[in-house]
Amino acid sequence: MSNVIPKPSVPAPDILRCAYMEIVVTDLAKSRAFYVDLLGLHVSYEDDKQIYLRSFEEFIHHNLVLTLGPIAAVAAFSYRVRSNADVDAAEAYYKELGCRTERRTEGFVRGIGDSVRVEDPLGFPYEFFFETEHVERLHMRYDLYSAGELVRLDHFNQVTPDVPRGRKYLEDLGFRVTEDIQDDQGVTYAAWMHRKGTVHDTALTGGDGPRMHHVAFSTHEKHNIIQICDKMGALRMSDRIERGPGRHGVSNAFYLYILDPDDHRIEIYTQDYYTGDPDNPVITWDVHDNQRRDWWGNPVVPSWYTEASLVLDLDGKPQDVIQRTHSSEMEVTVGADGFSYTRAPGDALTGDPGEEVGFKMGHQL
Amino acid sequence: MSNVIPKPSVPAPDILRCAYMEIVVTDLAKSRAFYVDLLGLHVSYEDDKQIYLRSFEEFIHHNLVLTLGPIAAVAAFSYRVRSNADVDAAEAYYKELGCRTERRTEGFVRGIGDSVRVEDPLGFPYEFFFETEHVERLHMRYDLYSAGELVRLDHFNQVTPDVPRGRKYLEDLGFRVTEDIQDDQGVTYAAWMHRKGTVHDTALTGGDGPRMHHVAFSTHEKHNIIQICDKMGALRMSDRIERGPGRHGVSNAFYLYILDPDDHRIEIYTQDYYTGDPDNPVITWDVHDNQRRDWWGNPVVPSWYTEASLVLDLDGKPQDVIQRTHSSEMEVTVGADGFSYTRAPGDALTGDPGEEVGFKMGHQL
Amino acid sequence: MSNVIPKPSVPAPDILRCAYMEIVVTDLAKSRAFYVDLLGLHVSYEDDKQIYLRSFEEFIHHNLVLTLGPIAAVAAFSYRVRSNADVDAAEAYYKELGCRTERRTEGFVRGIGDSVRVEDPLGFPYEFFFETEHVERLHMRYDLYSAGELVRLDHFNQVTPDVPRGRKYLEDLGFRVTEDIQDDQGVTYAAWMHRKGTVHDTALTGGDGPRMHHVAFSTHEKHNIIQICDKMGALRMSDRIERGPGRHGVSNAFYLYILDPDDHRIEIYTQDYYTGDPDNPVITWDVHDNQRRDWWGNPVVPSWYTEASLVLDLDGKPQDVIQRTHSSEMEVTVGADGFSYTRAPGDALTGDPGEEVGFKMGHQL
Amino acid sequence: MSNVIPKPSVPAPDILRCAYMEIVVTDLAKSRAFYVDLLGLHVSYEDDKQIYLRSFEEFIHHNLVLTLGPIAAVAAFSYRVRSNADVDAAEAYYKELGCRTERRTEGFVRGIGDSVRVEDPLGFPYEFFFETEHVERLHMRYDLYSAGELVRLDHFNQVTPDVPRGRKYLEDLGFRVTEDIQDDQGVTYAAWMHRKGTVHDTALTGGDGPRMHHVAFSTHEKHNIIQICDKMGALRMSDRIERGPGRHGVSNAFYLYILDPDDHRIEIYTQDYYTGDPDNPVITWDVHDNQRRDWWGNPVVPSWYTEASLVLDLDGKPQDVIQRTHSSEMEVTVGADGFSYTRAPGDALTGDPGEEVGFKMGHQL
């Protein structure tokens, strides 16, 4: 890999967690119907250009900013760091990487103070900040608790052509890998990495990028996610349920993927596991294991592999999308050329419940 | 319809509920692993030929009999009636229908007394009994309560070529329809009908028959069903999860379909609604409504439409399967010739979340 | 028992289920805040004198009528019968009993047609009707589904001095007992009886009566009940949580008791069991079994035993309350004179987890 | 406060999390029945002197060690640190504090390597280690998942007479306070503090100490905790349910307290909130707020305030218990001399649901 991203000589900022995403939407009213009326996120501020939303247990100003604009895209993946000094550290770090950076002591959006935004080596608009306006933490406001309540921002997911290249860069930045998907040819298809002690704060999905694959919010329990499905059915929006609900193999979380009015993908997620120890065991999944993406073997729909949101540079222009040249997870696992197994040969725990390496023909395209 | 089944002049028996199914399995050890070790049904009796199983809240002897035999099939759909006099009534009723009947005062299986089995007009082996051995109702034995506990037998589902013909016969027998699926050409694709005040004790699914589509057990909550999926994943049996979990349109229940070692289909089911009033509103679903079978619009896999279990006559021989000549639900809804919508034109409750009559292309075959 | 209530010679009406309660409240706005804003019941009709409410899965006009009046009381315990002929039957039945009856073909309240109200032999205002306006069954309106959604009316509970006397009368009326509480002196403290195939449509609690002990609504799952507690905490109404949540011994249901602004007691209830078979096993609990009222041995607060709502005669005057002369369940189980055990002598399933017949001293008054 | 614990000049160890507790039990078979058969903890190792147990999602060797001994007590509160260098740091830190320390490179128990145990300034036996044997993380072994599965060790709770003194010491050691209980006289009754980003890794409860108040395990969902209650009811062990289930005010978690055969108190706990940001808002509860300990206002039983387990010194002798001289939370809130309110004057969110400052008389002793 000739284009390896070097590790800067200056220290990486101390990142606490993924904090918020700023997304550009093309119809604020439709987006409000989706995020506020359907999903029940709580409005911290809104005007005719932007809506600031937070989850039930959040005390920083917001976890999501909807900004009206001409092209649906992502304006920022924003991480909270431990202090203002870490904002300085982030700025120096990316400058040494030769990335374009922009520092604004008053913040790029409301409710956030001194921040730096960068065009990172993978082409993503990353932001780092510490200062934020504290808002009412609603965690005991059960009078506001909806049946499908979103209680925390959990993670981002980014599409990038070369996963090992991106992983090395993020590990240098202080992220720790918890799980990944590989094949026996040495191809990495995806990797999950964290700062806050859960399975991830962000993940890299192999594909044409830079693009934003999804942003994920947590619920308390599984039934909360089921309620979101049920409500989308009641609103005759079931065609906006893209995938799930299901149990992930990777992360062990219960999940759902839905699409907002601009096709930004939102994941609803609950019950992954603690990863905060430095020797937390890394789990590598075989790309041909049919339970890696869905523990119940339910198929991943093709759109989930192929569709994603554009990301913006610091001028607000969409970044060019670069094609993945490594193997495609979809191609190696789905359809006539693909191959997946439920049980590796000789692996069956129970008395031969089907074929030796059974998988779900009917479910595959 | 020239072959209409006449209503007998004698009164129909007073049926309480679906009570148990006797199924023939080809490997008792494998079936035991499935029903006892995986699903946690409770053994009321077992020997090297049969296993008698009951659900957590049952007090009659069993809800399922596994009988070792050469061909996987269903030996009896058994209903409990209000009294022994109703067994007499059932016998007289089917005799007048010209059906073959067999009465055994000592019962056909253990734990059941005076019974009649019949080859019904649709070709199904129906049984009616009142006498049964009471066993310990385990409903407060939480020391035995597994994470995916099955608490009640809920219903049967039968495949028959001519649904209106079967429906008329079952309505004469005292069943009341709660929901059905039709098209605007007057074709009925399926009908649900009950005795016990839930959505159904049995349902008719249009297709080649007589065959047994599935038998369904209830759980208390939705997470119990998710646990069954998770456990099947852990046992590397995810290829035996055929469809779901999901929310039914019809019945409003949360569901899962799994396959036993002989491909007998088992549904796990929870939270339908009370239907015991005589004017309970019947719900008719349009066959093209993409939320009728799954409220979240997730696709029905083809095997669910095409595969089903043979049923036996009173000699233990498989009944001939007669082809459905009416339209196939699968053909009119799935694939190139099919058509389904999420929203009827002009029906959207929310601001145009997708196409006018959106449905999930990626999910269809 | 010299005052036994004779069984009429005419047939009893065919009762389907408890259908609604009409309660008199003294401040309609406060009651609306409780039943609509807090509990999320759905308004079928309201004006400045009455509010008609229904649960999520109901299709008859209402399950609860709040009528503004000077004295908090219960105006009617209303049962739905199978047909108008059964309203006639009810009228004849109570006339033969010598009870005062009033028939109104236009109904006593909105949404209900031909009805009879009676002052029953125990002093309760009972109503019987079949005709009702069908309203939208909201069972799939998950866009309206709150986190603590009440989905069905489950049962009434009535306080009466002489439980066996009342039980005999209700059994004659067609109710079937599922569970009761007795002591070894032959005293019955309470009895549960049903029509619709659950543990009860009504129950008799021994005490000064006639009074209304509570009316109960069902939720789908246990977390829905917990949410109601959490919401009452958030609204700083925890002093209106009277008892629970807990698991009943009797009925095996998960429960909560809360008090409305007039101290009418509401139970929230989920997951009892099927009782529709004629030989459904009756469970008799020992009054000294400390798990009979709460399976976890948590104490019953004294107010739960002593407080209840007045009931009205057909003129709208409160019925006189007659003292119970049999033993009081509270007195025989709570406090210095009471006695309860967790394990009967020699009954421990586990190795002596405490005293031989352990109970919770700290929890008792 | 003349006996303030000074902050050492050497750096504090970098503590990751509470990792395990070693408790002395007097009957290993009874304890095994409790922790393995009832609670379903997984055995990592056992012999006739000790049982090593872990929770479902754990990968270090154990979360609980049961050691057979003559007196029920706690032998160690063990924290995992980031590295072996942090074990050195811990040793140096406590040596500077003048505490007795003992270093064992081979560990004090199986599965743990280089460790230091100390008699800390509050009299508790604290342990610090990094090295541990990795065992199978069972987090996807849903074939082993019980209905009341314990998935993580969550926290310790320690009784100490002078909470501010202990809090200052633990803050110096690197713990961060998330919540506390105070009165307007400046008395602190309890404090919660964390390392791992949840509400706590340990808490200080004001009372006679040093004693161990409880050790807490997490479940995934609330129903898992309810199942533990239900199972204890089925096993006729309800008198070993000491308090709950309920919703905490402090921490917002759903909780249950049960007692093991030696009266060691175990909490089952789920769904507190993320606290990992350095400016995480601290919540101070008024000791008179009747929802602080139970959000639903259910009473705290006296035993919960008064009973706790002895702790051992490094010779295995019970530490002397020193009386609390500050106000007792029980005395200021329960009984004739106590005072609690549900609503502060003028605080009611809803229309006067009861008394101005309502609380539950009937529930108080």
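Note that the chains take the letters A, B, C and D in the order they are written out, and that residue 1 is the start of every chain.
Note that in this section contacts are C-beta pairs under 8 Å (C-beta built on N, C-alpha and C of every residue); 3 or more make two chains touch, one makes a residue touch a chain.
Which protein is which chain? UniProt says A, B, C, D = Catechol 2,3-dioxygenase.
Here the structure is a predicted model, which means the values were calculated and not measured.
Report which interface contains more C-beta contacts, comparing A-C against A-B.
Most C-beta pairs in contact, of the two: A-B.
Could you put a whole-Å number on the gap between the CA centroids of chain A (Catechol 2,3-dioxygenase) and chain D (Catechol 2,3-dioxygenase)?
For chain A (Catechol 2,3-dioxygenase) versus chain D (Catechol 2,3-dioxygenase), the centre distance works out to 34 Å.
For chain A (Catechol 2,3-dioxygenase) and chain C (Catechol 2,3-dioxygenase), what's the span in angstrom between their mean Cα positions?
Those two chain centres are 49 Å apart.
For chain A (Catechol 2,3-dioxygenase) and chain B (Catechol 2,3-dioxygenase), what's the span in angstrom between their mean Cα positions?
41
Which residues of chain A (Catechol 2,3-dioxygenase) are in contact with two or more other chains?
140, 143, 221-223, 230, 233-235, 249, 295, 349
Name the graph shape formed by the protein chains and their touching pairs; answer line, ring, star, complete or other.
Contact map by chain: complete.
Quick check on the complex: what are the chain D (Catechol 2,3-dioxygenase) residues that touch chain B (Catechol 2,3-dioxygenase)?
140-147, 149, 221, 223, 227, 230-231, 233-235
Could you pull out which chain B (Catechol 2,3-dioxygenase) residues touch chain C (Catechol 2,3-dioxygenase) in their complex?
Listed in rising order, the residues are 16-17, 57, 59-60, 80, 82-83, 134, 137, 139-140, 143, 151-152, 196-197, 220-222, 249, 252, 271, 273-274, 276-281, 295, 349.
So in the complex, which bits of chain B (Catechol 2,3-dioxygenase) are touching chain A (Catechol 2,3-dioxygenase)?
Touch list, chain B (Catechol 2,3-dioxygenase) to chain A (Catechol 2,3-dioxygenase): 27, 29-30, 33-34, 38, 221-223, 226, 229-230, 232-233, 235-242, 245, 247, 249, 254, 261, 290-291, 295-298, 301-303, 342-343, 347-355, 358-360, 362-363, 365.
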